[in-house]
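All chains are identified by letter, namely A, B, C and D, in their written order; residue positions are counted from 1 within each chain.
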């Protein structure tokens, strides 16, 4: 993947990024000049901060805002798309001059972007790419490339298994485009290898569901040699299930997942997990840098890919502190 | 007699879960006739009616109808939460020009119609705020005011007052004049003989007799219903009550100044052991409320209840029962039976804690006591494990009586205990009340049948608008005295608020 | 006549603990939060409430018949997807396809409930699953999101405004008005009350109970589909992730509005007040702004409780 | 004619058992590796928490109520475990159960004393409870390491997984409670006709509060067991939609939602049936869409057969 860099910890990832598409400049797009320092910035979070990714993401934005002396307004859409739209409108109404949005879904936020456009408030979307027009509907997207994450997971899997074996996929929640992209990337990545997908079932991004599904799959397909979990939580659930079934996860059955939570990385270090592709939640520095550059009149690329780290048996112990 | 048949039924059979409710019944109704349909509880009268009206599909046989039927079913079947007017007009509401319901017109019409039935209540109020009797009158009005060719009445008078019964008879008379055929179900012999011209007798789902009523002696009708020979049946007056009882000296129940606004304003009742006290009064005079206040089922603002001199905590049914009061509620369906449970469980319900040890129930004890009561009250069941909902109304009533006797009360409050019960069962219940009183039980008897009260009670308390309007004993126990007490003007002593009219 | 009016008025007051709460909430919010009363905020509140209102009107009818419809959330999402899918063939397909399909599922709900004696709770729970499944089939397990061309007439239905208020607001208001008329001034409405008030009696009184039930579930399904279509028009796409838990929202606004879950009584006006309350409380949480996201649901739960208890006490 | 009547009656009473047998047969024939000890073990372990919750739900439904808050109570129990695990597993579990009791008692209070309809009363706790659990847990999933506590989820006793054993014992206790105790009979009477039960002097409020409290405790037990099996306290996700699974199992097992009747063995079979359905769908690797539609069809079919004929 040309869009991705594969080195460095979180500090590095903030600085290292790649961008694509023609740039977007303030004068061209017609946004007013807003000095970031002392400005009111709105942040609309999509889901409850009840998993490590969301917690780390919100914290990163808050920390950076505090560091830069920015007044931050926050809302949480509680997984309700209509609520996120009204959240964003209310942020605008409460005087936010710049917006950072973690979209609940790729589609459907158009009304909110239109409201921001009407008030000439630039929007930076993070962690999930939306299907609206960059530079017109919103300023730019900062985040990971989920298809790429899937591909990298496939590479890690190929490396760990030697390209042979039977894989079970623990899918994310149905109807969610993260699920779709991570599945597509992984399946594309294993084309032409000896890896075959024998089962794909949803674990709804949830540890206990991942565990329950895995328990069923080991019974019906005892010859599974690898598991690709579309987030760490399900992967960790799979570990518990495999152990209970008398298998050695990480050895008999390779496990690769996406996220980079501390639990999963710790499991790699302990030897019962294979690899984790990071999905970097630390958007704060990058988001505010982008806003600052934009204010200064620099061109902003259409999308900015945050660098995602990767943890495997060779580096998990050293990098444990970087996991969230 | 007019000969045009409006309903003709031949060989109709209907089975419920193995029980033959109707077995090859023939029934013909002629135009302009008032046809009595009689039989013991569970004989199949209500079932036949539901077949006639098409609510039940018969398993076999033929039903021919010519003309529209309108029916008053046995249990009041209206919608309590809807307004009186809405209930009256449901399905044929007056419309405005735009096809919408004309509520003003419906209200006015309803008021006009119901006045003819002696009901002055606010027609925009929910029907449920009316007394059972008033509801029955609304049901009557609803059935009669449609342009029907046949009106079927399944025990219409069971919740009615003497005065209301008269209104009903006038309505029947009006219908008769319009040559409308009527099917009339009742367990009250007097009524049947007064208004009906033809009779059909059902027994155990079979038709055992059909013919003109006037020629048929009462005793013979009863014998047909019960399936026993005339000589077996001793004609012992209209009720089965015996002589007066020998009451104790000290009252076992003293209820003082019971007040539950707005329906009850300071009622006093005392009953001695072995005494049957009757509670008389018009519809809505507060008799049911009095019983409910005594047992603590409705909140009271004033007054207290003493059992053998000890005060019973207010508003607490459980405590009242522990003190020895039991109440047979008026509304069997809503306040009596637990439909899903078996006859056995319904009988032992109130006595359950006494029949168990450490919270564990004892089946053996239950079976013993249930057998005893099924025999003693002659409850017709296929087995004690039969679901109580499957029994006929009369047998359900007996099950409830058994429930309360099982609780071994000192005072038994009976609210319309013989409502909807056939002659045989009614006599049994009345005899039972007698017997219980003889055994020393104190009984409060509420009944809308004056005969029953006059014969059964040793003393009568007459209520009017939630006050005691008079007490009658001994020689005063006559129809005239009761009616006088009911109709008397309020005493000028200032007991009531509107006394200053004098 | 005047006494009738007065008693109706007290009755309405007793039923409407929610109305009292709404007035209090709005007054407090107005005083405390300067932005609350801004025209923009009011317009947004109205628009946000309108989608739920459309669903809740149908739910009101269902609940008055003594039933419940758990499938509305799924049908809402399905309606949105179908609208977006249908929009490629123009305005009318976009509008009618969701109405037809969701209405049909509603009819099936109604038939199962009316013709067999299965509990509404369980039948509609099954169609909650079924409709989600169907949605996933249509969208290729959620991989495809159908977009609606931004310049199509259908988008105008969701995004257009009069006096700054979106069309969905007016649609919801008109539907509420029609719903109120239907409920109180037509024979069908009387049948709905009778069915929920005492089903057995209603049968004996000649009310077409089965037909009434089929109709209310059909109505609830159709309205959910319509809400989905409006949402799709507003969002310009058939988003698959909406509608999760919407059934509980709809039920709670109906109940907050004073409709009895046991059936037999209720008003559309009350439901609209319930929707208003829910929308306002959410807005207030946003206005406060600093509330921990996890704490927000505690506040909503406690609030629901307060309103219901208040209502209960007022009715005594 | 009476023969068909008895046959439908029989099917109505035993439909859920027939369905379980049919599904087992299907799996034996068409699912690879189905007839293994390990597989049955898995099914039982997964069914155990649902069963424990469903037992309580059956009692509540028997009183003509419903408890939507069971999932939230599980989350509350899960959130409390790590806070008190430092004092040892027993105190932690007891506190979790105590909170379940309190939550259930509160539901019961709202239903019995305040007179709020059960769906609404428990809906409030459904919404607030999980939020509260997350507030307690600070929104975090907590990994658990106490070996004694984790043994609950992994170890065997008498050759059976502990959670399965607990569920079995609780099922027997609940069956005994319903059929053999005054409380149980009063519960059914209250569900059958509340006004009549009140007039018969039954302690209606006490019965209702008791039933909801029992349900709360059972939900907490399920929460504790699920937490130990997961080896983590996960208040965000534990017991999510459990209320619907439990209600489905109870109703599929032949307990009508109209109250007045509780079928404990039916409930057990309802849980087993739904567990088998889920297992079958996963083992045959059906996509989520088809799986949901098939589940819907099976629920309707099972309830259709067991429904009360008019």
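In the analysis below, a contact is a pair of C-beta atoms (placed from the backbone, for glycine too) under 8 Å apart; a residue touches a chain by one contact, two chains touch by 3 or more.
What you are looking at is a predicted structure, and each value in this text was computed from that prediction instead of being measured.
Peer 1: Can you name the chain that lies farthest from subunit A, using the mean of each chain's Cα atoms as its centre?
Peer 2: B
Peer 1: For this structure, which two chains share the highest number of contact pairs?
Peer 2: C-D
Peer 1: Compute the distance, rounded to whole Å, between the mean C-alpha positions of subunit A and subunit C.
Peer 2: Centre-to-centre distance between subunit A and subunit C: 34 Å.
Peer 1: Would you kindly tell me how far, in whole Å, the mean C-alpha position of subunit B lies from that of subunit A?
Peer 2: 73
Peer 1: Taking each chain's centre as the mean of its CA atoms, how far is subunit B from subunit C in angstrom?
Peer 2: 44
Peer 1: Going by the contact rule already set, what residues in subunit D reach two or more other chains?
Peer 2: 134, 139, 288-289
Peer 1: Please set out, as single numbers or ranges, the residues of subunit A touching at least two other chains.
Peer 2: In subunit A, 48-50, 174 touch at least two other chains.
Peer 1: Spell out, as numbers or ranges, the residues of subunit B touching 2 or more other chains.
Peer 2: none
Peer 1: Got a list of which chains touch which?
Peer 2: Every pair of chains in contact is listed here: A-C, A-D, B-C, B-D, C-D.
Peer 1: So in the complex, the part of subunit D that touches subunit B is made up of which residues?
Peer 2: 1-2, 5, 9, 180-183, 185-186, 188-189, 191-193, 195-203, 260-261
Peer 1: Give the list of subunit D residues in touch with subunit C in this complex.
Peer 2: Interface residues on the subunit D side: 66, 110, 114-117, 119-121, 123-132, 134-135, 139, 244, 247-248, 251, 256-258, 287-293, 295-297, 299-300, 303-304, 307-310.
Peer 1: Taking the complex as given, what residues does subunit A use to touch subunit C?
Peer 2: For subunit A paired with subunit C, touching residues are 45, 48-50, 73-76, 78-83, 85-87, 89-90, 92-94, 104-111, 114, 131, 174-177, 179-180.
Peer 1: Which residues of subunit B touch subunit D in the complex?
Peer 2: Touch list, subunit B to subunit D: 15, 17-18, 59, 295, 297, 317-318, 320-322, 327, 329, 334-341, 345, 349-350, 352-353, 356, 359-361, 403, 407.
Peer 1: Using the touch definition up top, name the residues of subunit D that touch subunit A in the complex.
Peer 2: It comes out as residues 31-34, 36, 38-39, 42, 45-46, 134, 139-141, 143, 154, 226, 229-232, 234-238, 240, 278-279, 282-283, 285, 288-289.
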